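Naming follows writing order (A, B and C), and every chain is counted from residue 1.
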Amino acid sequence: MDRRRVQGPETSVVPFPLLDDAAPGVVAPPLQAGKRAGGRRPEDMRPIFLRTGLISQASGSAYIEMGRTKVACAVYGPRQIKKQQGFSEQGRLYCEFKFATFACKKRRNHQRDSQEKEFSQVIVQALTPSIRLEKLPKSVVDIYVTVVENDGTASCLAAAITAASTALADAGVEMIDLVAAASLAYQQRRPEGDAPTGENTREAGAADLVLAQMPSLGDVTHLLHRGPVDWAQMSRAVEQCIDVCAKIHAVMVHSLREHSAAEQ
Amino acid sequence: MTSPYAFSAETFKRVQPSEYYRKFLEQDVRPDGRAFSQFRKTILNAGCISTANGSAVVRIGDTTVVCGIKAEVAEPTLDQPAAGYFVPNVELGPLCSAKFRPGPPGDLAQVVSERLRKLSEEYIAFEELCIEPEQAAWVVYADLVCLNHDGNVLDACQLALLAALKNARLPEAQIGEDGIVRAGEAFTRAITIKRPILAATFGLYEGRSLLADPNASEEPLLDSLVTVCVDDAEHLHAVWKSNGGRCSLEQLQRCVELARIRFTELSALLESSAADQ
Amino acid sequence: MPRKDGRTTTQMRAMSATQGALERADGSVRFGFGDTQTMCAVNGPVEARLREEQLDRATVEAVYRPIIGLPGVRAKEIEAAVQTVAEASLLAGLHPRTLVQVTAQCMSDAGSSVAATLNATAMALMDAGLPLRAVPAAVACAISPEGEVLVDPTAEEEQCARSQHVFAFDNTSQEMVFCASTGKFTAEELAACHDLCRAGAAKVHAFYRVALERKLAEEGIVA
């Protein structure tokens, strides 16, 4: 019973048969003439819209749309760390990732659940190698990510990492390189980049991969893989993701340049 | 040689915000260039989120609010067996401003949520949200997320809420013999809104100057905040005055006049966005 | 048309106030409109926590507890109202970097409980001996479905009312300090409620004076 919110009934359910999309056993439609459901080729990603500076109150912000996935990210900092956390020579990154309650097909709770906490950790791990934290003693940089619409959880995470890195650059935090992230799902033993929700499948042999990379240095900062796969397929998938990361990096640089040109 | 006490404008604004503001008001203008009774540019975009039953994004100046409507089914309460539920909640998280801390909703978010709920009793047809009396009723969750807080969150929230409700579509639902509610495939049923009600917020500076739509830098300097909610038949549905300054009846009536003008502007915006879908 | 309890439309119920009821608080008052009773306690100025202190003025913290159940979002709105009234009366600039805690508890609700709470707050601030700029008095009114304005409504009248209004006025300039009106009403009705409540507030101010004089006489300060 959350006292600080307007209360509805104790429990509520979604009426049948609307939940069937999430039921196991949904099989992705087969390739037709080499193209996927949305007309894309297997290695294509959805068009990206990336804008910085939309949140005027934050030190830096980025808003990204990949197809129907919409993610907003704000960066506050560097700011002073709380006294209780003690002295630290290195700066710290703190991230809070949250799906809006209406972002997914099934309504989410207001409180963060374990998946959102896990994603927060992933974002911190993906971005930490790229930030020059030794230049920010006793400071913390706060990253807040809100997913406004979720069209594919793996691609949501990739979009969040990309947006967070762009927002950090917009905030002027010193970094070695931008971090671009791409996602990829396996279906029926063939890899498909940037899968939206309709193409997700839970059948045996399904797997997905999220890869975060610093493109200029060629260093992978984070790799998250779920599901069974063999090594040959995985290395092909990783290479495919790295190619996509280079394209995403170009988009990030373009939007940052545009924003700084607009400011002058 | 410049006097050692001369500041640049930025420094002056930081060190003496009230004086800085007063200097602008003496010239009959506000720091962002608006006239006293001018509202900021308002943009409305409805139906942008496909995972929600209804949605809208509102920008008033820099203040950005996203509203998403999700509908689920529950048993009605014992004292109102033929009425559905409407649950609005506003989230003012650390994303939108440095003033808010992570965690449960703070004071401002709770007050805004309560005001939206109170106002909703005037325009939501609760009886039409009932599926089967005493057994099943729709619960309409309206969650508003503020993406950027630059003052005057209540106006933006009410506009986003109304636009999202107009945009929302529920499936046709029936309760079966087994007590399970089933819904059709198509989302055709709209949520009935008895009358459109919109809010307009004003601030009073030093008890004299009436300023429309205060932004985040102006709000702490104002000694009163007045919110007026009007509908299309020129009736009032709520008048709230907070912060400890004094306000005369004439100032209140002036707020009502300006709120009516604002209502006409905003309802034109609502109509054009509804027509776009 | 007379009301259920025999009052006229502008007649208020008998007011009552018990001052200094709580020994541990700096100021405490139990104020009532007829059967509606609210207890309010004021503590301060006390030391403020670092994150809530303001360098040039006192911070006011308001807490409201409803009759039954845990305080929810509705209580938060009433806390905001109590804070408005406290800020309107307190000379906050005299006590920088301190905290004034105002705690209100509704004891029984027979209509006009928000107005009773605000009046209890004002009297408690006086009872605590804090220097005040003005003393606000709050009066509630409701407009019945027939269009009559009923001052100081009972719980039943509030339930059936088309709209409910609470206004608070200060005693020095008779200007409005707080307003919360909800329901369905016209601008003319708002003006009518404003004027009727202002007349009612004058009676509440007179009551404050009488209550305070009685208390000071009991303490032997005033003959």
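The working rule: a contact is a pair of C-beta atoms (placed from the backbone, for glycine too) under 8 Å apart; a residue touches a chain by one contact, two chains touch by 3 or more.
Keep in mind the model is a prediction, meaning the values are calculated, not measured.
Among the chains present, the centre nearest to the common Cα mean is that of B. Interface comparison, A-C versus A-B: the higher number of contacting C-beta pairs is recorded for A-B. Centroid to centroid, with C-alpha atoms defining each point, chain A and chain B lie 29 Å apart. One inter-chain figure worth recording: chain A and chain C are separated by 51 Å, centre to centre, where each centre is the mean of the chain's CA atoms. In chain C, the positions touching at least two other chains are 73, 76. Of all residues in chain A, those that touch two or more other chains are 4-7.
Within chain B, contacts with two or more other chains are made by residues 110, 113-114, 117.
Across the complex, chain A is touched by residues 70-73, 76 of chain C. Across the interface of their complex, chain C is touched by residues 3-7 of chain A. Residues of chain B touching chain C in their complex: 107, 110-111, 113-115, 117-119, 122, 226, 234-249, 252-253, 256. Of all residues in chain C, only 73-74, 76-77, 79-81, 84-89, 170, 173, 175-187, 190-191, 194-195 touch chain B in the complex they form. Chain A meets chain B in the complex at residues 2, 4-18, 54-58, 68, 70, 72, 74, 76, 96, 98, 100-105, 107, 110, 142, 144-146, 148-151.
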